[in-house]
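Each chain gets a letter, A, B, C and D, in the order it is written, and its residues are counted from 1.
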Amino acid sequence: MMVIMKPEATLDQVSRVLQEAGNNGLEVRVSRNDTRTVIGLTGCKREDLFKRLSEFPGVEEVVLMSHPFKLASREFRPQKSVFCLGGVNIGGEKVVVMAGPCAVENRTMLLETACAVKEAGASFLRGGAFKPRTSPYSFQGLGEKGLDYLQEAKQKTGLPVVTEVMSPEKIIRVAEVADILQVGTRNMQNYSLLEAVGRANRPVLLKRGMMATVEEFLTAAEYILSNGGSRVILCERGIRTFEKMTRNTLDVAAVPLLQNLSHLPVCVDPSHAGGMDSLVIPLAKAAVAAGADALIVEVHPQPKKALSDGKQSLTPDKFRRMMKELSAVAGAVGRHI
Amino acid sequence: MMVIMKPEATLDQVSRVLQEAGNNGLEVRVSRNDTRTVIGLTGCKREDLFKRLSEFPGVEEVVLMSHPFKLASREFRPQKSVFCLGGVNIGGEKVVVMAGPCAVENRTMLLETACAVKEAGASFLRGGAFKPRTSPYSFQGLGEKGLDYLQEAKQKTGLPVVTEVMSPEKIIRVAEVADILQVGTRNMQNYSLLEAVGRANRPVLLKRGMMATVEEFLTAAEYILSNGGSRVILCERGIRTFEKMTRNTLDVAAVPLLQNLSHLPVCVDPSHAGGMDSLVIPLAKAAVAAGADALIVEVHPQPKKALSDGKQSLTPDKFRRMMKELSAVAGAVGRHI
Amino acid sequence: MMVIMKPEATLDQVSRVLQEAGNNGLEVRVSRNDTRTVIGLTGCKREDLFKRLSEFPGVEEVVLMSHPFKLASREFRPQKSVFCLGGVNIGGEKVVVMAGPCAVENRTMLLETACAVKEAGASFLRGGAFKPRTSPYSFQGLGEKGLDYLQEAKQKTGLPVVTEVMSPEKIIRVAEVADILQVGTRNMQNYSLLEAVGRANRPVLLKRGMMATVEEFLTAAEYILSNGGSRVILCERGIRTFEKMTRNTLDVAAVPLLQNLSHLPVCVDPSHAGGMDSLVIPLAKAAVAAGADALIVEVHPQPKKALSDGKQSLTPDKFRRMMKELSAVAGAVGRHI
Amino acid sequence: MMVIMKPEATLDQVSRVLQEAGNNGLEVRVSRNDTRTVIGLTGCKREDLFKRLSEFPGVEEVVLMSHPFKLASREFRPQKSVFCLGGVNIGGEKVVVMAGPCAVENRTMLLETACAVKEAGASFLRGGAFKPRTSPYSFQGLGEKGLDYLQEAKQKTGLPVVTEVMSPEKIIRVAEVADILQVGTRNMQNYSLLEAVGRANRPVLLKRGMMATVEEFLTAAEYILSNGGSRVILCERGIRTFEKMTRNTLDVAAVPLLQNLSHLPVCVDPSHAGGMDSLVIPLAKAAVAAGADALIVEVHPQPKKALSDGKQSLTPDKFRRMMKELSAVAGAVGRHI
């Protein structure tokens, strides 16, 4: 059950709801959603309490929830969310394409790639400065220097930036450059990080854990929302299955499923999902046909020399081809690129 | 290694190849592909033997194979296969839609559904007479009577028929009605059945096992091809993962992957993949956008009363909408419905 | 709901139950369990019908079932089943070890292995004459000749035999040699085969499908039981997961879980589960510690030369060591080997 | 390749190795293992460099590695590691049992449980003060207060404590109470946290990610070791599969596999693996039979009233029974409890 207080509700009115909940043995979690207080109550499904609370002063509405996520749900916000980030609307009619290298490797390659993806029609520049790598002996990203290069590329091309943040203490620094903070697949249930990005209320691209259910994914988004974050983009990037030929298995059904369950925009990462450049374009088309609001794609000027994820990176040429072919598919489903 | 004999090769010439292979300690498997003999050799990668066999009389070509499947591979047949079945080309420019009820439940509902899907533009009628069901206490299909109804619907609508065969001794009977024999997901590695349908050389829609890798799927097709079958359609229908909200996880990447590895046409079943009617249309679009050659879709006049798979069946109305919306997506990828 | 008729119930009494069920719109499935008729009813949970049927003449008991399997359940038979097969009790205090080569490769190796496993304390000889192989180009077993060798080994050693049957028409022939018919993992949902072995009422070792849930596994056993089979041994052999180092993942929890849910004996195959000889002994110990009633283990005199599954086969020496070490573990859980 | 310097190697000698590696285009990672410097080199397998480096002054040994983890491997340290933590040897002959509630709920229940598990023979007290929960609306643990209660229970019973740490900034505080810091399954690839606990060089119980392969698990341990941590215990706690009846699937084969690949002690969590109290004892026995060095088990005085994980918690009575029964199994494999 979720009690949504009126924007003008007083502290005293909130307290009375909390007291009533406590008297009924419910677990309580208070959060602020935009301009109002929302009180999540768990441990009860009694009809009478539902009605009684609805009539408390300051209460706008009491909503029964069918899922463990609340603020992320369509029940809470029936209209699809559209966020304007870096001057780009995400969740609207345009399918937003974010592109760039897996990792920022050096200044030249980043600027070169940024210009190429901008020219081909990308709306956002992606690129990792801090890279979570399975092995401690792999290239871990350029760190601070990588952020500087991203800043320069942003100024040169005018493209807003999405880049990963791996720990709470880096949020402020990364957000100086990033228009969207990416939380990676390995950190989808790193609750310290989720709470911190929520409290910072910066836009977040939340990647689905590689073995997370759709419900867990939305409940991870709920951690951000219930801590004050208001702009979360959900990113399906392939899940782990027994199939060995592809790096992961793109769960394309998650796109309409997430959109049915939640008001948040849905992005797809066809590069990590397939793990091979030959699969990126067909998977990108499938994602757009299934209704994705955004794509995040790895592009590298010389994929064979990439320090990470070369196998799955498109050349700028292939990226241009992708944009052209996607445009037709987007049109076929009433969208544009 | 695979030795492809000339069409006019003599039995003696074949024997000499076999003898040479035996002398080199190789495992041998002989099969007839269309009009010629093909000899699969395993257990060796020696350069010299490869060259020597190439020069044997009667040998057209020796091919090195990088996968356990051979006749199904692009290496063996670089051109995409197009089969004309029941007057319909599968694997060509047109995306072929097969539609109908999960199970043939009675005469009236079958005829009604057949007319509806025909009118909406389907090219094939699907419907199960013999139903493999997880529980022995569930409805197992009408059997022979179901086949009779399918025959009648075929005559009434002119639609060719695809229906499942579950055991070798039923092949001849089912093939009297069916233009395509379906081998179901639970039987993908039922080798007795695969060999029998191969020997009967009837067109087969082979469904991917719910736990099968792409390599195992193609190797199952190889069982049919190496036993004389020449027309196999591969059908991706979702694989089993940890995700609980959907019945299976549609592996949409399997579509381009299968097409890269094999010359055989690829079909997608969006009904079983998602397991919910609300997911069928987005998944069908994703499949077509990713390059699927055919779709097989469950349609039922009254899904809530269906004896099986009601939850995932489209009403005729929704099916009509699907066909219309798919038409645009097909156009966007250079195909038509 | 399941209606268990008295042994002496008349056909007329059975008919009256069926009629009542039909009048109430229930789906009906009749089966004979040992000496009595059992009627499975699905589609209803009404209290009144339950009571009314309990009082019908000829009815011994009406049982409410919480699972889709009935005859396999503990609710139906609370006592653990013990089967005496080939003179050996399975399901009793002794942990029964079945051992031998993956495939019968030739007469000498089979006799040699049979003597070795007998001497080391095995109670059953295993060995495949008909081998289901992923590739049609792999060794498919010696077939009839393999059965002859098994017959000879059985006579020489006195060990009863368990061997695989792959198609209904082979059941009679295989059962001339085999004391237990094995139904392999790929055929766990080959319903034609399950029904046929059920009707033949021969003892069956049913292997769990590599991606079957415990519920599906027991429901597959139900196909055999509801068709007249009365002696089914459930065999956990590892399931398919994302882990790549092992061939499969032994689901050791399935042992106590199956025993809680079902009265049927539970066997474990540590050879296929791990896929490496170094894991066979620890997995065998884990299985016995978790309560397994039987083990089925691959032994080969020269694993490196085996035509199939060499990597996971024990040498006779290691098998002897396994038996010795298992004896202590069995003792620790109140069993013996 | 890994270059192990002598304990007395000078900074200059280390530099010369690094320079040589750089000249050969290798990626370099330097770490200190106990009292010496270890240099990991990746990107090369050349024989000549291997030999040349072996003869550099200050170099003790150059080791070729077959896995992405090095310091965690048996190749690096062939002898099994035994750590003395809180006065208890882990990795030795004794199977160490850690027990206690999932979460510290209040002072009374913790003290009561601690006394009960101590009396039944547990060697460590477990209990969560900070709880990572899937939902932000679930009980998140008592935090600081929970640590205080753990401290008191430790003093009262003399049992050393293992408890979870969720973020780098809490390490120092948690380590004031905890003899072992637990890193939970959701944080197995939270590299900021792994690096921080490594640098703090506190003993760590690292839980396997619910979706992690054995190789990824060991590579996560490598993050701790290569940052200065020297005492890591690997904890298998069940992986995520398609099976729905159990919470996770205990990968019991991981126990011998990890021990073959690594010198680190291996612990098993039968409570989270099965997710039901009826499975805890059989899984604990299976783990010990397979060679586990430790167990971590949830015990709660009133499981039905537990704020988390009640379903899988043992009562003190059942825990006593478990300890008794485990004692026999441990004896059967040459260990004791």
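Here is the rule we use: contacts are C-beta pairs under 8 Å (C-beta built on N, C-alpha and C of every residue); 3 or more make two chains touch, one makes a residue touch a chain.
Predicted model, so just to flag it, every value in this text is computed and none were measured.
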Check every other chain and keep only those touching both subunit C and subunit D; list them.
A, B
Result of counting contacting C-beta pairs for A-B and B-D, higher pair:
A-B
Per Cα centroids, the chain farthest from subunit B:
D
Could you tell me the distance, in whole angstrom, between the mean C-alpha positions of subunit B and subunit C?
31
Nearest whole angstrom, what separates the Cα centre of subunit B from the Cα centre of subunit D?
48
Provide the C-alpha centroid distance between subunit A and subunit B, rounded to the nearest whole angstrom.
37
Where subunit D touches two or more other chains at once, the residues are 211, 240-242, 244
Listed in rising order, subunit C residues that touch subunit B in their complex are 27, 29, 40, 42, 68-70, 132-139, 166-169, 186-187, 189-193, 209-211, 216, 219, 222-223, 226-227, 240
Show which residues of subunit A lie in contact with subunit C when the two form their complex.
211, 240-242, 244
Subunit B residues touching subunit A - in the complex, by the definition given at the top
211, 213-215, 239, 241-246, 249-257, 260, 273-274, 278-279, 282-283, 285-291, 325, 328-329, 331-333
